[in-house]
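Next, two complexes with subunit A in common: one pairs it with subunit B, the other with subunit C.
After this line comes the complex of A and B, so read on.
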């Protein structure tokens, strides 16, 4: 398969990238790791006369902790996330997601910004980013803005990014105490899979009475975008964690929150059933981690 | 418009003029004649085009040649020398880990990178290290045995 002809740019500053994007507008595509974009270009699913790589902008490839927030640059690769100490220590559900995307060859190139901008309903990192309340940092000719990742997705492959804007990174509040989070995905094989369903959960326990203070659950591959499972969260709030409550939350996610479709990876009914199971299991682990703190 | 790429491949210095839409896999194969690196799917699924780029394995079909400017690349051609095959290549021959041979260069580059980073990987780590490379002939067992035989404690199969 041949790549179509394009001009290639490797700006070294965000401003330079914004200027290039402004110059070529719709004829230009931004590229982070390229593991999806180059495939889409080869298959003629997208076209671009100009390809602007963000990989040479150093600040976009950094994971930085500043006070009570964590900043992750858009070009940070999945392998980088897996190895990052702060991700391993504080953001276990992101670590698990980045360990499980594609193959290790892909993970050496694929980036968090790319995974989010592709906006696949099955995107590995998306449910975890949602439950950690990540904010998307955008920068364009009009200036900077920040929006919750949860409201960034508008449909399969569609996001709230405006023409000319660049997703420069993410900002996440550092979780405090008495919390636990977990991510699970179900596919047909262990490596190089595309998810049938994926679920992330974040739980904060009230230390005084050991009940659930806050629960955030996000479901992937069961709607046009990754979604919050509000009914399941309601089931948990103020309850003592336990098998019966987790099951009830799973059932709420299965019957009230997910809206899956039939496709060649699985039927809607199978997806619903698996959302129930995965929600229950993610909660079990998240609560266990929260109680252990 | 063509641009000049400067890179080091198997310890040799190269300067090549390439079009922006040239992939690293095509640069290796068609511009430099290093056809040991194979092209299977060309979409990052099969791993036949695996090379080591600045110490990490990548699918060279998903890296633009221009992105490889100022990098250091290792390909299958860099393994053997005038004394003969690399021990890992010998192990693949010895264990019958090659049939049609198409996946072998990628498989060996993944295995070599794994062993370079961790001389004594566990069985699970070997399987994970090879999980980005597809083989349609061998059923993987012989490939696993070949890599396992090269672990530093050389006790493949019982080191977990």
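After this line comes the complex of A and C, so read on.
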């Protein structure tokens, strides 16, 4: 198998990239780290006569804190995220996800934007982005728009991106106080895994009575897109955290919120059961972190 | 303190500097002037008749130099064992698995070659396919090979002693079943080769193989050439694990194209093609019944096994025999019966892989040992010691344990793991388990019937006297054999390793059956030792004459001549040597006469000094059918203890550590011995925990890459304590025997026994994916609650 031939472009500004994309339309593909795209090209799952690399557009590779929001450029790599102070400090569930994706070599290339645009139901960073309420920032010939990441995924490999648009980055509200978040994934071996299931949870505790004020739980690999686990969230809301509640939330996620399928990586029944366990465990850690603040 | 000067140490491997700096040359690093690129058309169907092949469009493509099918190449049958040649270079009438070879193209670039392959038009009549042993054996099942009815590739029926009578004496009888999954060797270097044909009619094939010798013979046979006109060269190889232990279609097609076009041709397998080619460990389905007395004495074993063979035989005949024969040790077992069936189906052929044939049988049996121990309330380690064979014992099927450090191995892992304190006292979710195993140290017979020596070695002393050059056709495939043989020659000659240079892996250098059945250290090692000693003898003969000292009173050690009695006056020799070297900086000043001087003088007297060595095992065959498989001049043995943690909610297993003791007779290079132990464990863990080639219902491999075929990562690898046990094998050079394959034997059952200890669940199917373990735990809980 050989990589097919293509023309390669390295624009240095967003506008230039948008112009190129407009010019070649469906015949062009945007490339960030290429860790999905080049594999797909080689396997002939996608075709492209033109590849527009985003790597030389400096502003897309930055993590910036501005007031009460954090902006993450689309081309920020997993390694960059793992090392970023603000990610380590305030977005532990993203840090854990970035640490988990692929191998060192892959993490040095794989970008957050690429992970999101690839829209795999098992995508590593997606549940965490959802529970932190990340917004997706898009820019195209028609201008800019911003939508919640949660509504960005439309199916395996499918997103709400319009023809000609580029994902430029993410905007996340900086969580305030009394919160905790965690991410867990399960695979067959200890690294370089494609997730059998993955779960992220974000919890905010009401300091007055130590009950759960808000809970957001996102499940991966158990539906056509990563999904929110609303039933599990309901179980927690206004309750004092504890083993029984976590278990009940896990069971709600398992039985009410996920719609997994059988494939060669695992059966639906196992995925369901593991959603129960991982939901319970992410909540345990998230609550512990929230109450420690 | 070792009594040896070179061997038995931790020597840096001689290939290290090149490999560590990326300078080592592998086949794919090579290219030749005017080289063409080859590519193959392989069947997209698991089973189909070929109605017609039209290569005209492919031939018409610019840059294409040749397109060959069986029409051009003929259909000489070949395979691994001459008793069962069932393959041809290209399919003639039908294809039998997804990947069966149909045609090959040579073109000026790989891209053109691949485009040309896509232009070959084949008309198929798709036939119903059988993909499992069960389906293949059903009445009325589609048949793969006309000559082999019921898709039965081979069957073996053996009985030693009287099993039925044996069971009558037993107080405990355990029957269990178990199956593993098809493996892939997952070596890092994919098969690659370059063939060249010179104007004098010599074909040179440079290829990534474990067995230059057998490849040479197969190429000669299939292409109808003299063996002497075929030369096979093996550069550095990125492992083989058994899969590269026979000629493959690509090598044959490449040679054919090169001869036809009189141009060098290069071909490579992609990773997907490696999976399509297969030839790794079979899937085995075992049913084993073991009977013992209540004091723990093993009495009888009844064994039935079905092997998922795939479309062709490959090593399968040997495999199905090994599967049975290697259960006869390491415990005293007077009665054993075996019924083995290797079944064809429409998947890639399976073949030999590390621990050939025996690994899963061992995994079942070693679990039964634990079950028996549990039932009679005996420590599983004691049960094993109780039944252990002794040095010199012969199994019921005639395998002789000429050296046998098994008990030492058990004691070493007992101490090394803290077994006595831990066994029975592990906290919930944690477990400890042990197992033993043994393996051949070189097949007793070549694959084809022959009186050939199994290995020859030439040692030539350089004419300046400084260096010994070693030439061997043996195969360094990453296991460290080059270093081992350089060390052995150094030891035999009495010179340091740094003064030995070695070239290997070229059929022009002699005969060597290659790297399989853990044979090289013992067999090539013998030849290396003999060649080194032969060269030394010749040097000493000259010295004896020159110094008028009896030969028996002299020896060479550490690069100097040692005299038993008074050192004779050698000043005349030294002066002669120095005169020869006017203006040189390295004239000897030592008090002792150096090897360098002595061998220079020997050259001046006799011309080039060449020592030769050879090895062939003594007659090892038994009297019954199939007795040859399993025979070996020696057997390596080992014991392992594994500790695991099981996540009872998810089924995830963490292997916390493994303690391994292996009796390798005598360690030539301790670095390599420990490396083989570590590597065996890593492969064993992969097979236990997550490796499995998965097919869809069309016979296509679903996980033909190393993202989805899950070998062990550094994160999965536990700390390993590797303990080397030395038993001094009488049939081995300096007492050495195998470590390359035997070391994998206990890994799987040790982990399985540890998982049982942690969970109370016996797993009867591999790999232990979290899902499989979780499901078993759930079922166990339900049973316990019911």
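What we mean here is this: the second predicted complex is superposed on the first by the 293 of 293 C-alpha atoms of A that agree within 3 Å, B and C clash if a C-alpha of one lies under 4 Å from a C-alpha of the other, contacts with A are read in each partner's own complex, and residues count from 1 in each chain.
Quick note on the criterion: contacts are C-beta pairs under 8 Å (C-beta built on N, C-alpha and C of every residue); 3 or more make two chains touch, one makes a residue touch a chain.
Predicted model, so just to flag it, every value in this text is computed and none were measured.
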{"item": "Larger contact residue set on subunit A - subunit B or subunit C", "value": "B"}
{"item": "Touched partner set for A:7, first subunit B, second subunit C, both or neither", "value": "first"}
{"item": "Touching partner for A:74 - first (subunit B), second (subunit C), both, neither", "value": "neither"}
{"item": "Partner chain(s) touched by A:84 [first = subunit B, second = subunit C, both, neither]", "value": "neither"}
{"item": "Which superposed partner A:192 touches (first subunit B, second subunit C, both, neither)", "value": "both"}
{"item": "First (subunit B), second (subunit C), both or neither touched by A:270", "value": "second"}
{"item": "Set of subunit A residues, in rising order, touched by both subunit B and subunit C", "value": "1-2, 103, 190-192"}
{"item": "Complex contacts: residues of subunit B adjacent to subunit A", "value": "1, 3, 19-23, 42-45, 47, 50, 56-59, 62-64, 66-67, 110, 128-129, 131-132"}
{"item": "Subunit A-touching residues of subunit C, taken from the complex the two chains share", "value": "110-111, 114, 270, 272, 649-650, 652, 654, 689-690, 694, 702-703, 707-708, 710, 712-716, 767, 769-771, 774-775"}
{"item": "Residue numbers on subunit A that touch subunit C, as the complex places them", "value": "1-2, 103, 186, 188-194, 196, 264, 266-267, 270, 273-274, 277-278"}
{"item": "Subunit B-facing residues of subunit A, complex", "value": "1-8, 10, 34-35, 38-39, 42-43, 51, 53, 55, 79, 102-106, 108-109, 190-192"}
